[in-house]
Amino acid sequence: MALKGLDIFKLTPKTNCKECGNPTCMAFAMKAAQGSVPIEKCPYLSDDAKAKLSEATAPPMKSLKIGVNETEHTIGGETVLFRHDKTFVSKNLYAVNVCASCVDEKLKEIENVDYERIGERMYVELINLVYEGDKDAYVELVNKTLNKGRVLILDCECVDAARAALDVCADAKPILNGANEENYEQMNALAVEKKVVLGVRAKDIDALYDTVAKIEALGNKELVLDVTGSSIKEAFANAVQVRRAAIKDKDRTFGYPSIINAAALAKDDINMQTALASVFTLKYGSIIIMQSMSYAQALPLYGLRQNIYTDPQKPMKVEPGIYPINGADENSVCCTTVDFALTYFLVSGELERSGVPVNLLISDSGGYSVLTAWAAGKLSASSIAKFIKEFDVENKIKNRVLILPGKVAVLKGEVEEKLPDWKIIIAPNEAVSIVKYFKELEV
Amino acid sequence: MSKFIVIGERIHCISPVIREAMNNMQPEPILKRAKEQIDAGAAYIDVNIGPAEKNGVELMKWAVKLLQDNFDNIPLALDTANMKAIEAGISVYNRSKGKPIVNSADAGDRVEFLDMAAANEAICIALCSKAGVPSDNDERNAYCQELLERGLGLGMEPEDIWFDPLFLVIKGMQDKQRDVLNFIKDLSDMGLNSTGGLSNVSNMMPKHIRPIMDSCMLAMAMQCGLTSAIVNPCDIRLMETVKSCDIIKNETLYADSYLEL
Amino acid sequence: MGFKRSPQTFSAKVNAVTIGTGEKAVTIGGENVFPLYSFDAPIENKPKIGVQISDRGYNNAVAGIAEYYKGAENFVDMAKKAALMPGADFLVLSFESANPDAENTSVEECAALAKEIAEAVDMPIVVEGCKNKEKDAKLFDKIAAALEGKNSLFLSAQEENYKEIAASAGLAYKHKVGAESAVDINLAKQLNVLINQMGVAGENIVMNLGSAAAGYGFEYVASTMDRVRSAALSQNDTMLQMPVITPVSDEAWSVKESIVSQEEFPQWGSMEQRGVSMEISTAAACLAAGSNAVILRHPESIATISKLISAMCDKEGN
């Protein structure tokens, strides 16, 4: 539990010497309790007191690294419960279940989903290896999945089998998800020896709390908490309460990333798994395990995750460039808008629905919406002309019609001056009118 | 953080109408003033029954029940030098809308009011002074530490002790105003709540100046982290300032009609 | 030892609003906890699902939807079938055809249809307009009159037409008013204030805070809902305590992922499954963010989300 101001005050010399920059020892203690003053500021605290205090004032949630090199990921490290309070820092990761009997088929399926969306690679980052009681088969499974560019989770409560698996894959920094109330001492020793993150589970949230406390007492803080439990309701209650205890109530025992096994919760109902994965992407899964990941699941889930883990201070931007829509070629008209992802999606979506081939030109406008970019000077006649030149549009496209967003109709004259060979026309103000406008467009 | 808390000061025995009503236990004048203040946006109503050495217990119980029965258990600040009267008031107080406030303790003769608040699980206003006005912030800080240590030692939560920096009259103590603001900032940095009789700053100023001066002081104090004040909520300019500051500090969500809410 | 729980319950709560009449009436809102936090305090009125049908029909819809309404010859037939959809709690009638850019169906014709449907089904009715603000004001006036006594919800009143809609649907015919703000939290509050100042009680207003499909700016939807719910509960902001309804289907079924054919993108697989997934994912995310009701279209999505809501809110052991 977090230390209170009074607890810290009792450790201070109570001399009000002001050497820490605070008017009184109590002021120092109150601020240290909130984490706004580092406790080292007091020159008169004993080392013992300092050790006790720095523990209590550490960040609320542990940040962990799993995997190595190009498969390395960071999980945890969150400091807020709601993204608008600051931002979420480590996006959640998705894993797919693989067992000895389905490994070949599953690997193919996992590798199939791999694409890019707004500058981010979307793929299954982890493979969850389910132990089914046969040690040799499990080691075989590890061997088959080891070098596939994914981090492994050893979903295995058998210490013996886990050791055999880790003998093969420890260097790849998998997660050993197998400690429980009974085996935690041996599992912990194994995880420490092999230097891998340990996953902890228990029959309920109280047992989980106690087991984590016991493992912490053994000196290990490289942990993830499997909060799945036995029902959907329990899993959600666990996920929220664990995160809330860590962030809001500063209870360090629960200050670790979480694992949610949506596959176990929804059995064979893949639609339910999609629903659960969506819920836990918002609140508060760090690793979400699915039975499978087809494009149908991946497209909404990865899009949702990309949205939720966007820094509210930094708008999502698409890369500047020429985006041909509906099979547009060099003879198709051009239209332009800003690089703000939301605007891009809205406009490109409507253009797609119109069925008319168009080259959509996206210039760097700082991730602002049309009017904001215009007001900030990031969408101007010069910026459009510069884009046409830099991206060599006049050699790539023969058509000389350029359509401007309706909201910046005022730019028409200036753009005509800068691009004398082009016919400049104005699109409607609102995206909803795009379909109709383009269908009726005669140029 | 949370919204600024306005404690309405207009039920005060210094007002002849109220004094008269309290003497005769007449409800109407008291209810009228309470309603005006609640309608104007007061979250707490201060009930000052004066020294009330003789009939304090009876009077405070009567006033607490009267106000809470008529105004949906409106939370109250119980304000008198008679400690027994406050305890009696708390004994009939309904906490569903908020804890009672003991007004007030200090680091001097009235330090036991803090003990009494702790024993009754009440909020306590704690004046950062001993006898008279503190001379500087070192003194304020020392009293604050003393009171905080005592209160926490008695098991109070730090947020239940509302420190009063003692607002000073500008006419005469103009050079001390920045001290008060800096001290409020110190309290806020410690994560503590604060309150006080803010309109003291404009004492002895012409009537038309007072709302302007009070509003400015309030805005500056809120920027420093003041969390509450004991004021006249019927001062429209002052209440508009509170609402606007709450918007700027993101304590309430803006809507074009925010002043009407 | 065990875990020390510290439930976040609030003295403020979301307003409970009832739509419809009789046995099938539904109540949304009423909770004093964050969305779906039934471990903090019981959630009396679990979130509800609306099944959306359009007066333009679903002839071109994906197989699962077309199949469900097979044999329905008109809007009224569709409504009768929709009213039997497993998992759905209320009916959402979308009068898209009234848009001047579509068939420009007359308001009288729409009102007559609405009346016929209301007489044929006993499910609560939510009326959606044609996304033309001027026409919607007139359309809602006529439909509100035709549905008098049915306690329906009208989606939605916006900044430009709230006066007409609040006066007619809200005051004259005593229906519920939906206040629509496109992920603009200040406007959301202001619209509630304005509609309230016209005389519609806060308890008769439902908010549509705007929606987006997963991947299409959903962060704005999530953060708007987070902030609205937090203001309603922790700041006791009475002008934001209205329950939230989110139309999911319109967005979910119009993004690229749901409309590009399998021929065009063979790797992506079945278009219908993509659409269903998009609808489910968006709806589940909306519920987690704070929607008290979602509007959906596909029978499979409705079944899944209904199951999710029960799993989240019903007492253990179901």
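By written order: A, B and C. Residues from 1 in each chain.
By our rule, a contact is a pair of C-beta atoms (placed from the backbone, for glycine too) under 8 Å apart; a residue touches a chain by one contact, two chains touch by 3 or more.
Because the structure is a prediction, the values reported are computed rather than measured.
Enquirer: By number of C-beta pairs in contact, which chain pair leads?
Expert: Ranked by C-beta contact count, first place goes to A-C.
Enquirer: Which one of the chains is farthest from chain C, going by Cα centres?
Expert: B
Enquirer: How far is the middle of chain B from the middle of chain C, if each middle is the mean of its Cα atoms, in Å?
Expert: 45
Enquirer: Please work out the Cα centroid separation of chain A and chain C, and write it as a whole number of Å.
Expert: Using C-alpha averages as centres, the distance is 29 Å.
Enquirer: Roughly how far is chain A from chain B, going centre to centre by Cα mean, in whole Å?
Expert: 46
Enquirer: Which residues belonging to chain B are in contact with no fewer than two other chains?
Expert: In chain B, no residue touches two or more other chains.
Enquirer: Spell out, as numbers or ranges, the residues of chain A touching 2 or more other chains.
Expert: In chain A, no residue touches two or more other chains.
Enquirer: Would you pick out the residues of chain C that each touch at least 2 other chains?
Expert: 227
Enquirer: Give the list of chain B residues in touch with chain C in this complex.
Expert: Going by the criterion above, the answer is residues 2-3, 96-97, 251-257, 260-261.
Enquirer: Per the contact definition, I'd like the list of chain A residues that touch chain C in the complex.
Expert: 1, 82-84, 112, 117, 205-210, 213, 231-234, 236-237, 240-241, 244-245, 249, 251, 254, 269, 271-272, 274-279, 281-283, 294-297, 299-304, 306-308, 310, 312, 341-342, 345-346, 348-349, 352-353, 432, 436
Enquirer: Under the stated contact criterion, what part of chain A meets chain B in this complex?
Expert: 4-6, 9, 16, 23-27, 30-31, 33-34, 36
Enquirer: Would you mind writing out the residues of chain B in touch with chain A in their complex?
Expert: Per the touch definition, chain B meets chain A at residues 137-138, 141-142, 144-145, 148-149, 152-153, 158, 186, 189-192.
Enquirer: Give the list of chain C residues in touch with chain A in this complex.
Expert: 1-6, 8, 36-39, 101, 131, 213-220, 222-223, 226-227, 230, 254-257, 259, 267-270, 273-274, 276-278, 280-285, 287-289, 300-301, 303-305, 307-308, 311-314, 316
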